[in-house]
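Several structures are given next for inspection.
Two complexes follow with chain A in common, the first pairing it with chain B and the second with chain C.
Let's turn to the complex of A and B:
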């Protein structure tokens, strides 16, 4: 092969490399020209730095802390962990579904006209509007078996010595925690579902009325199909939030009585700071990932759905 | 106005970065005489005043600066655990529960600075139990060394509402002098008080709790020692969980506490009490008496003279055989984590703090809620044994003049983990809620403790 042939052979290769480089640059630069690209990078940098420092680093550090399989063996060997997983499942399944179904029904009620409905809505959203900590601490005190408001009312009105709501029975305490969670968060999801209902074109209801649809049929064939996707997305979101919820359990029952109402979030904190084993605490929380990751994937897939499915 | 170009923006950023880099050595130099301290916020305001006075005194004497942060009990522990985990630590740390929580395990893992030279400066003054309680086993060096410098101590006395005792028709002076009989003395008062309209009153403020962090464990251990089970861990760090005497004491302790609860002499909420809840319940006069560490219950009402005078503080009765029961002496003090930037200045500050006159003034300003770690101070300063303040006098006598023993995490760090797991509270709950016999609950708890201690084999002490 002489020199000219070598040059001829090298030419297409250089052209291909050049084209690939240009394509790569266009991929990164989009339609930005000249200094626009540098400015764009400059504007993105602070966010990227914050994201790296406060999201990526803590997540990687957390996974690194909880990386040892021995931690999970240790967790599984503890009776409190098994009970905590059961509590977490009950808390999430009952708490989320009762809350969301109640929110769906109440969103219909609050769509009615009338000033008193609006006034009632204002009162209804108050639990969500006030900070979580004082409200859960108030519930904790209200449910105190000896001097709490609830048992004092029972005694004053009916002469009944009420039970120790948070003090003796796991199920009463867990029930109190779930009820508190529902009380706190149902207003928020009700408002979200009301927004979904408001987006339904009025003409569909008018058409249903002309066809002689009853109230139940209007709900079954118009409202529910149109808010179903929103309902599902909200349920998934709420499940993810509730899995990581710490406040309701910590401030209402404190994980008691006798450590019987812990959920993974509170047990993780307990292991990290009370038992002074941060690695075990992180492992406790990470053990929720097998449930959390499919939920996030499902949520992402649902969020990609752009069409209404009637 | 000059237009901001990309080049000028980059130039500016570079200048800021370069200035910061060049200036850093000067900042570091300035920090050489500053010691950073995380300190527990006092239970009463006076404790913080006392600490500020110590800081002021040290700054004046040394010319150094103390950059301190007073942090409440629970968040401080979270910060300490976080700091020790990440290595981003201040120079001096202190927490009232650290000697039985984070210090044993971090000493074992060689994460703390050896303070033997600091402790040595006051060796002759220290209470023998306090000195022993500062020595922890380091698994890297295979040696015991001082990993904190004691300057305050505490024991658990009894706290009693005298007005409730009298309202029930009894006299405190008639209380029996032995352990079981002493507790039982208060039980009939519950019915008498309820008959007089006090619906929610209970006789005993026992803490069979799993919430903790400290009170449930402390209560159980006082019962354990009273029943002769103090040998559960010996000073060489070896557990004696199969010792029949220890096992019998564990069973008796579980039986007494759980039976009193099941018979209704204890507020039902005690099963989930945290360390503040028992104090609150006592202040609300939900119970006639309870056993609890320090005299915080009394000190909290120091400015309400009538209530302060109505409470009675009592030391420990004799055991059931008529012998004196040693109190478990809680010993507290600051420690230095490895990775601290100014270890020498930190040590100087601690040396200043543990001087008898300095620590004594600090503790007195804090209304005597904590006792000194030096018995001579109690004997020579009239503040501690003044009969005019019955609370401080009874407490000081129990903690510094009567016999004491250290807490078990000092001997073996595994016991700190066992305490944190609230194994004794869980055993009590097993009897109360799950219907286990005290024998079965004792077996379960001892087995669990054995499994934890097996992770901490002590080769030499």
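Let's turn to the complex of A and C:
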């Protein structure tokens, strides 16, 4: 500062540019001085490098691979692709909503008091704690029409000859995949929504009780308005994760019978590696962008504003 | 007459209340049983298939008639040609997991120290980049990622997998660290600065020790992510010696006659570490998840 004043007295013109440059530098550096700014930049560098090398570059490369409009015409003319899009929409819409609504109800159930509820919660989160691969492989074998556990149980207990869940019909197989996905991920969202419910001050419920509110009213007027935002964010996040879910479809139905239960994520990998057409694979995945972009924008906004509330 | 009424009414109300509460408890128990069956059926299936002796998988029994631990013994001794490198592959998984944890914590904490504590002006750019990575499904990036790893000369290399896992774990780390960092008073940093501490000293001596709970939560998350992830490990690793456990496990499926009892026994051995870690750090992890974003 002193230096600037001295200069100011000596040569007004030079100083204005000098202080402007200095102000400009201060703008870029924030409140950091000299070497501290260099350190701050150095600390961010590793992440910036990871982001550029493993996110930006692949994204640009992917878009470049799938740049040709002819690829999309080729896709649209394939019956498998059209079926895949229908599957993806069904998978996401049914899977996400059933899972999230179930999680909302179960999060209320697990707020009950009592030792057995706590013990049950520990068991209930097992599907989330176990890696996806073993459980989906187990479900695949469990649903085998001839030797699977499910049909054995149906036969032993009820005398019903169960169908081949994964081998015979597209809808049975797709239903099985969606159910497996819900089985795996519902515990996770239940735990998240429970955390949201626990953050609600107990006084609100006490006040509602004094006013004579019924259980349904307690839920409608106290619980839901307070977890609604969290519920929305979770649903959006879950939609994106479900859209990108590869394991459920790949290991439970494998896309079968006759390639009828693929979703975009698995068909993309199939096109790229089994059919050996990386450009077509990338195009398959990129065709989800019209659905993805609005979701991502909405979610990024929501996540930024709800950070503190979560 | 009126005296009798006033006496019996509260009593009747109490029995009504008790009856309703018992009914509610019974309904809750019924729901509990349904949840229990729903949750445990696929897990029960893993256990009974693993306990069957080789060749007994094709059965119509719903419990193991003559349970045997043969499959576990075969895994322990690597006695099946699909399992010949099993413990080596187990080591690979562990190596990938630990390297991912270390790098995620290092890169994530350095970045969030710079953004949150040193308040670098371009911090919002980094935060947004992290947020964007967080909401891109990993499977959508797999194809170009695979080809780029070839360009980088990392095909069939564990470091390619580590790079992928770190890429997808750091955004979450930055997210959590920044939120947790808000609770640590910035005055501590300022005091240290006045005493002449350099930024590295503040990072190492003040920031890291105070961030310990967040480091544990994120470390657990990164370890489980790397241990459980399949798609990238499958695409990037091709030789038997470089494979990790999930890739080796899925390889069974492609063999002509899938040995289901060995597969399910392998599945149990593979699942035990993450489940144990999960239960040990459950509270920390849940707090972390609720605090910041949510990764499915």
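Observations on the model:
Throughout what follows, the second predicted complex is superposed on the first by the 279 of 310 C-alpha atoms of A that agree within 3 Å, B and C clash if a C-alpha of one lies under 4 Å from a C-alpha of the other, contacts with A are read in each partner's own complex, and residues count from 1 in each chain.
The definition used in the following text is that a residue touches a chain if its C-beta (ideal position, glycine included) is under 8 Å from a C-beta of that chain, and two chains touch if they have at least 3 such contacts.
This is a predicted model, so every value here is computed, not measured.
Applying the stated contact rule after C-alpha superposition, one finds that A:134 touches chain C and leaves chain B untouched. Legend: residue contacts after superposition of the two complexes on their common chain; A:171 is shown touching neither chain B nor chain C. Once the two complexes are laid over each other on the shared chain, residue contacts for A:257 go to chain B alone; chain C is not touched.
By the touch criterion stated above, A:224 is placed in contact with neither chain B nor chain C.
Within the superposed three-chain model, A:273 lies in touch with chain B and with chain C [touch as defined at top]. Put simply, more of the residues of chain A are touched by C, taking chain B and chain C as the two choices.
After overlaying the two complexes on the shared chain, residue contacts for A:39 are found with chain B and with chain C alike. Chain A residues 39, 65, 146-147, 155, 272-273, 278 lie at the interface with chain B in one structure and with chain C in the other. Interface residues of chain A, counted against chain B in their complex, comprise 35, 38-39, 42, 65, 144-147, 155, 164, 166-168, 253-260, 272-278. Those residues of chain B that touch chain A in the complex are listed here as 6, 9, 77-78, 81-82, 85, 101-102, 105, 199-200, 209-213, 267-269, 271-272, 274, 281, 284, 286, 416-417, 420-422, 425-426, 429, 432-433. On chain A, the positions that touch chain C within their shared complex are 27-32, 36-37, 39-41, 43-44, 46-48, 50-51, 53-55, 57-59, 61-62, 65, 106, 109, 112, 116-117, 120, 122-127, 129-135, 137-139, 141-142, 146-147, 149-150, 152-153, 155-156, 183, 185, 187-189, 191-192, 195-196, 233-234, 237-238, 240-247, 251, 265, 268-269, 272-273, 278, 281-282, 285, 288, 295-296, 299-300, 303-304, 307, 310.
Listing the residues of chain C that touch chain A in their complex gives 28-29, 31-32, 35-36, 38-46, 48-49, 57-62, 106-108, 110-111, 113-115, 118-123, 126, 128-133, 135-148, 152, 163-164, 166-167, 170, 174, 179, 198-200, 203, 227-228, 230-231, 235, 246, 249-250, 253, 260, 263-264, 267-268, 270-271, 274-275, 278-279, 282, 286-287, 289-296.
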